Amino acid sequence: MFNYKKLGILMLVAIFVATFALAAYSQKKYEDVTVTVVTESGYQRNSAVMAKNAWEEEYEGEIEIVTFPFGELYQKIMTTFTMGQAQFDVLIFPSGWMGDFAGGGYLEPLDKYLAEDEDFNMNEVMPIFRDRIIKWAGKTYSLPYDGDLHNIVVRTDLIDNPEYKEQFREEYGYELDVPETWKEYRDIAEFADGWDWDGDGEEEHGAAEAMQKGTQSYWMFLSRAAPYMAMPGQPGFMFDPETMEPLVNKPGFVEALKAYKEIQNHGLPGALNVNVSDVRDAFAAGEAALAIDWGDTAINASTLEGSEVQGKYQAAMTPGTKKVWNRKTGEWYEFEKFPSVNHAPFLAFGGWTAGITKHASNKEAAYSYISLLTGPEHSLKAVTTAETGRQPYRQSHFASVDEWTRFGFTDPDKEYLNAVQRSLSYPNSRPDLRIPGLQRYYDALDAQITRALTGELSPRKALDNVANRWEQITDDLGRERQLELYRQSLGLSPKEE
Amino acid sequence: MVPRKVRLTLTYIILIFWSFMVLLPIYWLFTTSFKTRGAVIGGTKYLPWAQFKPTIQPWINIIEEETLVLSLTNTAVIASISAFLALLFGTMAAYGLSRYKFHFGFFQNRDIMIWIISQRMMPPIVTAIALFIMLKWFNLLDTRIGLIMVYVAFNLPIAVWLMENFFSQIPETLEEAARIDGASRLQIFGRIVLPLAMPGLVATFFLCFVFGWNQFLFALTLTWRNARTLPVLIAAQHAQAGPQWWRISAMTVVTIVPPIIISTYVREHLVKGVVTTNK
Amino acid sequence: MAPAVIVLLIFTVFPFLFTIFLSFSNVSLVGGLSINFEGIQNWVRLLHDGRFWNSISNIALFVSLGVVLEYILGLSLAMLLRQKIPGREFFRILFLMPISITPLAVGYMFRMLYHPSRGVFNNILSSIGLPTINFLGDPDLAMFFVIATDVWHWTPLIFLLLTAGLQGIPESYLEAAQIDGANSWQRFRYIIFPQLIPTSIAAILLRSIEASKFMDKLYILTGGGPGISTETPTLFAYLSGLNNFDLAYGATIAMAFFVLVLVFFILTFLVITWFGLTKLGRA
């Protein structure tokens, strides 16, 4: 006998479930919501605007983008925080400020939103971002937005030329190839400097590197210093995580500063006044054999209209060293057989990242914006668009070779992606410093490096000055607290008394 | 002696050269605001239509932006209210100083005057940091009221100085005559002095307005969004990498047009004021 | 008068005294604002801070060279437009235009013109076969091009003041001189210029005071760079105090700078009155 009663109940249940499912799956709208997004006024703004248009179409709310020049951004955000007023909902900020922002308790933890965000696909985000950069003290405070790191580019029409290989072997006694160590890098720079090896009628230069003060050039120095200092298994390389003693005047740093200074002789003319955008221009114009930079040099070289080096270069992980300073023993540790070279790719700057403030007026709407901004689909578009300043950080970014070819690359893997991917997944890669007062520490470093580069001070003396200043800053900000936050930033447990 | 014709030609060459120098930056700003990204990045393009195709896209973009509308309103409100208050307080002080004798110990009219004017000598940065902390105490950071009060103090010395000069040109005999006719102090001030000082008032108001409109350091320090003024907004478009010059230019044109128009309009008054204050 | 005095007391005198206090304090913003008296540490640090003295020498160069150039140009233009020639009024209005332009906007205009590869100036230089110049990127040159910007902006003010001064010279003097056979140089040298001295001094002083506060255009043009080669005390104090949040040290820089400015202008004032060059009593 057919039971109509049961059927009725069943139908009711079905309708109920269907409504729920529909409600859950139908797009939530934020018609009367305005989300205020704060970021820097150059590339990051472009990127925020791209996502704004997409978000407004999808959610029917409004995004207001407030920008500050990079030099003002930190101060303005901190001012609104210390005012204790809700001013901004979404922040797109350098991950180095995580210590000040998340450590200061101004950001909203995102774990619970992420748990419900099925499309975000966090699993495919490169581990160093997924597990470290976006986290603070075990919680997620931002979404991965930008895979910033340094790599080098080298001209293949130089290193693959059999005739030059021959010459190079005669002079230096080994094979001319992509440099594996900073010494090889230096040799190639010297070899390539001052003659016309690409037949364009103009003399080429060796290595294009940013050295101008106040233009982010100290990161070039840090990238160089990392392998001299980053002993595998010893976390952190700028401070001792036991005592907060600066390591910046240890022999590894001194050695790196000497090498950085020496490369002037094989660099662009007037090397001391070269900044990152000069490096990008010079490499794209075919004036240099080597360059070190964030991804932009590679991107410009391949995608810029009028680039002279399309298809004529390849990217590689930053070189390593044959020896590393072991701070535990106070001695150099020499690498001999396997591994024969110590690499320590440095995640200079650590990339931009997107978070929500604790006081955001509508956190769900704010989250939906950053989720769209950093989610698989939109971020792929952004990383393969010029002047967004974003670099790949998801597996799918690396896999979508077609998008990169459309963007202008001849051989995306060789010219860019492999180097980035290798660096990001390298076991001994090192995140940038992320403690409060970051800018003060780096300003001091910047000022003294310049004095060493101009020859006013010896590298040793300059770095001693930095170490003294860093000690002062640490004392100013409170040593105990700095040490604790430094350890947190490295993912270490709090120090036991 | 150099022949007159040669001299005249030379004069015109110099004058035209300087005119060119004056106009070039303004022309460049104006045309850039009608350029596309390609026209800015693709080299030095001087002539619209001939070298690049003008577009009104940058203008459409900035007009759609709420932040620009907000900043424009902020700037207009803050500059005019602060100019009005500076004028009001400045006029009162200046009239007092020009008509009555004050003694605070050895401190007399002339000393008070010098003291007020000397405030103008002090670089704004000297007070900016302290004002930042003070406004934080009163919860007035990033508010129009906070900025207005600071601007009033910033403009007062100029207002007092100019108005004192205008008042001292008004013959006191007129006021005495009115007093004999039985007019009260307020009547004398309202019916006789104010109308005569009107050109000076107008000039001073607009001068303070322009100073307030263009003020940067205080606005930069004390605001970030709600009370952000135009100079700070355009400064905020500045970027190390990839500045959007077409957009910046359009915003900058919006910023400079009002003070240019106002200044040209009140120039006559200003010249009069300056001539008399420098004798 | 009371309201004016009260406003000045609250928003100028008190902040001024407060700044003095701050310069002897330790200010922290971590976990809320706290101000603690500390002693002379900030001042000791300042005296040994090469960056401060660098900013002082920068502003000294900026003010002296800038104001001199502005004066020479302003005077020349005023003299040229003293002649009753067709188009005189037009030129006057045109020449005065820069004065009212927002300083920050001037910064942007010149930054575009100075652009190393797309800027107008380098475009002109290379089209007539001259080498291009890295206007704002060369530490040895940047200050001079920053000064050039200021000259563009403020020459008109000197021009305005001197034009007014010229109008105050009685025609009868000049006619008398002409009858005596003085040529135009002699008339300038012995009649016009002496008569212009008070106006000139007032104009130069006014400009020097304003120029010493220089920061707005710089903020856009170079931000104090390359390195610190164009950094002025105002910018340095701003960057230290309000950008790095080292509020106490920023206050110290500002105060030390003000003391130097004050000393300089008092000395100038004494020299001027000593020579009896002008009666600054009223102004």
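Letters A, B and C name the chains as they come in the text, with residue numbers starting at 1 for each one.
Assume a contact is a pair of C-beta atoms (placed from the backbone, for glycine too) under 8 Å apart; a residue touches a chain by one contact, two chains touch by 3 or more.
Only a predicted model underlies this, so the values are computations on that prediction, with no experimental measurement involved.
If the chains shown are joined wherever they touch, the resulting network links each chain directly to all the rest.
Chain pairs A-B and B-C differ in how many C-beta pairs they share in contact, with the greater number at B-C.
Centroids of chain A and chain C (each the mean of its C-alpha atoms) stand 41 Å apart. Look at where the CA atoms of chain A average out and do the same for chain B: the two points lie 44 Å apart. Per-chain Cα centroids separate chain B from chain C by 16 Å. Looking at chain C, one finds that residues 33, 242 touch two or more other chains. Contacts with at least two other chains are made by residues 136, 220, 235, 238 of chain B. Of all residues in chain A, those that touch two or more other chains are 72, 215. The touching residues of chain C, when paired with chain B in their complex, are 1-5, 7-8, 10-12, 14-16, 18-19, 22, 27, 33, 35, 76-77, 80-81, 83, 85, 87, 91, 93-106, 108-110, 112-113, 118-120, 123, 152, 160-161, 163-165, 167-168, 183-184, 198-199, 202-203, 209, 212-213, 215-216, 219-220, 233-234, 237-238, 241-242, 247, 250-251, 254-255, 257-258, 261-262, 265, 281-283. Every residue of chain B that touches chain A in the complex is listed here, in rising order: 66-67, 136, 139, 141-142, 220, 224-226, 235-243. Within the complex, the chain A residues that touch chain C are 71-72, 74-75, 78, 82, 104, 212-215, 273, 275, 281, 436, 439-440, 443, 447, 450, 477-478. Within the complex formed with chain A, the residues of chain C that make contact are 29-30, 32-33, 51, 117, 134, 137-139, 223-228, 242-246.
Across the complex, chain B is touched by residues 36, 40-43, 45-46, 64-70, 72, 76, 79-80, 83, 87-88, 215, 277, 296, 387, 389 of chain A.
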